[in-house]
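Same chain, two partners: chain A is paired with chain B first, then with chain C.
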Partner chain A sequence: MKSEQQYIELYGEVSNLIKQKSCDIMNNVRDAAFASFEKVGFPSKKVERYKYTDVDAYFAPNYGVSLNTLEVKPSKYIFRLAESPIDLSAYYNTIADNNDGITALNTAIAHDALVIYVPRNTRAEDPIQVDNWLRGNTSTMVNRRVLVILEQGAEATIIMNDHAEDKQRFLTTQVMEIFCKDNSHLDIYEIEETTPLCSRFSNVYINVERDCTVKHNSITLYNGQTRNLCDVVLKGENSEVTLNGCAIAGGSQRIDNNTLIDHRVPNCTSNELYKYVVDDKSVGAFAGKILVEKDAQKTVSHETNSNLCASADARMFTQPMLEIYADDVKCAHGSTVGVMDETALFYMRQRGVPEEEARMLLKNAFMGQVIDQIQLQPLRDKLFVKVEKRFRGELEKCDDCRLCK
Partner chain B sequence: MSEQNQFVREVAEKKYEFGFTTDVQTEIIDKGLNEDVIRTISAKKGEPEWLLEFRLEAYRYWLTQEQPTWGHLTLPEIDYQAISYYADPTKKSADGEKKELDPELVKTFDKLGIPLEERLALSGMAVDAVMDSVSVKTTFKEKLAEKNIIFCSISEAVKEYPDLVRQYLGSVVPYRDNYFAALNSAVFSDGSFVYIPQGTRCPMELSTYFRINARNTGQFERTLIICDEGSYVSYLEGCTAPMRDENQLHAAIVEIVVMDNAEVKYSTVQNWYPGDENGKGGVLNLVTKRGHLRGVNSKLSWTQVETGSAITWKYPSCILQGDNSQAEFYSVAVTNNHQVADTGTKMIHIGKNTRSTIISKGISAGKSQNSYRGLVKVGTKADGARNYSSCDSLLLGSECGAHTFPYMDIHNNTATVEHEATTSKINEDQLFYCNQRGISTEEAVGLIVNGYAKDVINKLPMEFAVEAQKLLSVSLEGTVG
Partner chain C sequence: MATPFWGSGGFMLEIKNLHATVNGKEILKGIDLTINDGEIHAVMGTNGAGKSTLSNVIVGNPAYEVTEGSITFNGKDLLAMKPEERAHEGIFMSFQTPIEIPGVSMTNFMRAAVNARRQAKGEEPLKSTDFLKIMREKRKLVEIDQKLMNRSVNEGFSGGEKKRNEIFQMAMLEPTFCILDETDSGLDVDALRIVAEGFNKLRTSETSAMVITHYQRLLDYIKPDIVHVLIDGKIVKTGGPDLALKIENEGFDWIKAELASI
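Right, the complex of A and B next:
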């Protein structure tokens, strides 16, 4: 039995219950999304964008689906979709691609969504922080749905943290739809710090209109299996998009990031920087495509992917792609996979730095380039510490200890 | 501006130079593909039983496969039953023996600049001329034989050196490799066979010239090059076809085996008919080329200048198995009008301290699409492997596309792999600088493009470099404005 079958059966059993608990906006598209899921199933490795992740295997175990709704205390900018004071049907599920099996499954099963809404010409003074804690006494599947809307001239910084507390298997699917209206500014961080028992499938869709700046930062510090997809569509001129990624994998962890930046209009800029350190038997995969459509003249785009293979059994797959249909553009990408600089190591050892320490310093410095891009200073400082801790193996130790949690 | 427009018009009206057809009596077998056709081809070539079996096995495998669709291109529907798989332009007498060459054939090759008379030939180049399914003539065979170098058509090799052919045929590109490799293995006709014995440096450039002439045929040539220990050869390949409204299929296989300390330099100037300015007709160039660097310190270098074909879909590849082996890939791909190219290379590092270099230059103009797709794979045992890839694309015109799809699969922590790519249009500053000094825009573009492609052209043997440079300018004329 292919693993989608159990979800098809599950949907048959609980769809009515889900619909009762959910709201009209979500129910309106639910059956269509499910039909799409039934049709496409989970993407196989033959699907180009899922080449490096065996989706089927991660969805095969039997997970329980929790339909409990947590209380979200409605605040200035955050509320549940079901309790939305404004009509969001013009946004929900409009840019998520339901031809992607995982998105379709999420649309079919998710019974509520978190909405971050920043009204016109408003600046969210403090960063909006969303902490997702995975807890449970049995293995659980979580289907998270997020809607981020920045109205014209709005500005916000959002931090999404993923944590897992209990020693259980957790499977998360996340679909996030982000709308940046004219002249809005978004700085969003997704930080994952879970356990090796966690699998994460996150599909993020970002729609960018005129004169926006959007920064999406994906930071995977500690995980089991992570698959992040990030699709950005530039629909308005003079916008700038930055995608940063920092992935650190050890043990038998897997991190697969797949990004697409679609330049549909002229005069936009995109920057992409993804860095990986893969150690032990871990696997890292990166595929980033910059698509410049026919009319998108004067596009400037830079894509960089650098990777450090720190052990003999680590694997790295990388695929930086350019697809360009306009002539007046400046696009470049660079990608490297390599080992630590032996001369730098030698230099440090010569000066009495132990080899272990020297290697750590180099790894730290390597990741530093991405962390440096983070504008939010407290977060940047914290991440520097975390990254160093990660390289010292201290995050693993935290697995069993709850002293500081 | 009007001056430029006039130039554009002039060039747009310029026809493909090698588009003529030769009126020569050609023996063509009936269209269609089935086991009987394969038996007929095999019988016509007087092949041994094992080769027929090889063909039939490949055919049966081909039947189970579907035409791949993953390329960044759309192949027109190919009706494999509407193609004739064997066309022989050489006249034969009643007893089936080949007689003198038809003077028309000699003229054709003369016109293409490939003299079949040895005394007229460029010094230092031996040619195997292949028209449609048959090798017309191989020059300098005797002279090469003095050094025990075998250079002949593959049909001849099957008869004269069956052991060598049997040992190596399909060892680099097995028929199960891909759809078109299976098709080629089933119906392949002529191509060249080269064997360089131990410690021999081939005294002249070997070259094969492929020509499609007959209508409704496809060309399925097969080339096998074996370079034994410590030997060296430089091999050139050129190709043209007449202008026809329908697409013609060209599905070839090139296999290269390189032993210890041997070196092979393989250069291609591909100028198949690219179709007219509306994208009608043209050759579908679907080729599998692969070199196997079996020996230590072996070296293989692919250089290709791709200017022709309506659709080019090929990845000349290297399997770097021998320790310290080296592979290079230099490519200039020019597409104009409605041409589509999806080309690049695969470097598969297996041995220790293997090194590969990829330099790819794409130039797209008109409404063409030009893609680079390359794989660099470093296996678990390839300690100290090194790769450097650089692929640049130049866009001339607002309706064309340039794409880069590099794949890097790294399974070893001591490997160093670098990739960089840029896509841009011609630098306005450079153009302005040239204009300022009295060089017309058209000429300036030519200069800049030639400079841009120089890295690759420099790697070509001299005679080819001249041709390639001319081809570049012809292919790009009329793209400014």
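Right, the complex of A and C next:
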């Protein structure tokens, strides 16, 4: 059975209700997005960018679709799109790609959006933190829509934490559109710490104008099935983009990250470092494409994907890609898949470190390199602790999660 | 200076008819060796004879397979123990080629090792301040630089620094039986003296050791009670300290000739 059908039926039943609860800016594009979803459906594994994840299978179960309004405590830089004091129609749904079935579905049924808006020449002093708590009495589908706008000269650090109650199945779609206007500086962290019962499909689109620095950090500490797409378009010169990823999978978890950095203009830099530790029977996939278009001279780009397969049954797919149409560029990309260093393990065991502990130290050391690059020091310190806990199998107990208190 | 001999008569390490293979190839072909409490045994022998293999088998390196024979340590069956359990029993090996572990700092590594050993003995983990104090003391003993402690284990250490670091780890772990596998190679003259004197200071009347070396210069500091010659997977000759001197001067040919004439 193709699982689109139930969503098509759902839309027929609830689209009017959604429209009532929603706002014009979202409703204006809703039917078109739905039409697109009907046409393209969920991407099959034949679609190049979805070849590592069987999307249909994750959308097949019958979820109750959450139409609850976002609980947003409005703060200085955060509000609901429906309550926006400014007209954001020039942003909403302008860079999200509705030819992607998941994005189209999200655009069709999300009835509210979270907006993070940092005005011109404003520096958000403290990190802007968004905590998403998945909870519910039945299996629930949540469609989250986010709009991030940094106006000219704005500066912000954003931390988005995803947590979930551990007794329920959740299916999340997220579409996030990020606009970085000239000379803006964004450091954004998406940290997933959910449960093996969660499926996540996140599509992030980032538009970068000139003289910007943009860092996107994707951190999957604990999950069920995760599929993150991140598309960056460099539209203005002298900008620098960094995509970093830390993915830790064990059990039968799956983590699939798919990125595209599109250099359209000259003199930009992109750096990408994704690291995975896959253990037990888990599966990791990374596909990252750097596209250097013909006008994008003097592009400098580095892409690295390195992976540690900590068990014989774990699998890792890696596909770094470089497509260059300009001639004066400096680009390098590479990937490695390694196993536990047996000689190092033995060395530590000879000193009395028990095997499990030695393995944990090696996995931790491997991931340390990407955590080290986190600029925000308190977060870096916290993540070092979390990553170690994760490898010790202590994160499942989520001691600092308020859902479990 | 007289050769120190503190033997209290207990059999610390007892190896009987030990055969071992690596990648299916037999390297050790029947080793018998008994090392008593407090004794220093030197093991010399040609390259590839199996000295490091013997060391690795004693400490339980999974890359080596024991096909026959037994090893007991203080009466316990060593071959039934995991490498970390052997370490907790008090066995330490200074590696011929110390391993680099990128991303694991020396301090964290030593903390894990010291506390694992304490836990095995039913002791509480050390408080951080106490641990750092011990680190500082032991570091002084082998004159190893503090800045190496903040680096990853052996990463970017010079050959000599790596060897010194082995003895530093030994100082931290206070083993009762030490294997020094060519700890002297790669050390300059002064470093050799510091490391060897450090080793001597760490010894107690119970500490015994198996010292593998190609050179007399180490044995000038760490004086052996007994010297063995290992050739082609067997101990072919055992003698007193003079045997090492004779090998230093004459090499192994005379021993090989003796063997051929039997």
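To be clear about the criterion, the second predicted complex is superposed on the first by the 392 of 405 C-alpha atoms of A that agree within 3 Å, B and C clash if a C-alpha of one lies under 4 Å from a C-alpha of the other, contacts with A are read in each partner's own complex, and residues count from 1 in each chain.
Heads up, the rule we're going with is that a residue touches a chain if its C-beta (ideal position, glycine included) is under 8 Å from a C-beta of that chain, and two chains touch if they have at least 3 such contacts.
Keep in mind that this is a model prediction, so the values were computed, not measured.
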Clash or fit (per the criteria above) of chain B with chain C on chain A: fit
First (chain B), second (chain C), both or neither touched by A:309: first
Partner chain(s) touched by A:321 [first = chain B, second = chain C, both, neither]: first
Touched partner set for A:347, first chain B, second chain C, both or neither: second
Which of chain B and chain C A:369 touches, first, second, both or neither: second
Partner chain(s) touched by A:297 [first = chain B, second = chain C, both, neither]: first
Partner chain(s) touched by A:336 [first = chain B, second = chain C, both, neither]: first
Partner touching more residues of chain A, whether chain B or chain C: B
Touching partner for A:361 - first (chain B), second (chain C), both, neither: second
Smallest separation of CA atoms, chain C relative to chain B, angstrom: 13
Chain B and chain C contact sites that coincide on chain A, given as residue numbers: none
Contacting residues of chain B [partner chain A, same complex]: 70, 72, 380, 393, 395-425
Touch list for chain C against partner chain A, complex: 59-63, 82-84, 86-88, 92-93, 95, 98-104, 108-110, 112-114, 116-117, 120, 152-153, 169, 173
Complex interface listing, chain A residues touching chain B: 48, 294, 297, 307, 309-339
Residues of chain A that touch chain C when the two form their complex: 341-344, 346-355, 357-358, 361-362, 364-366, 368-369
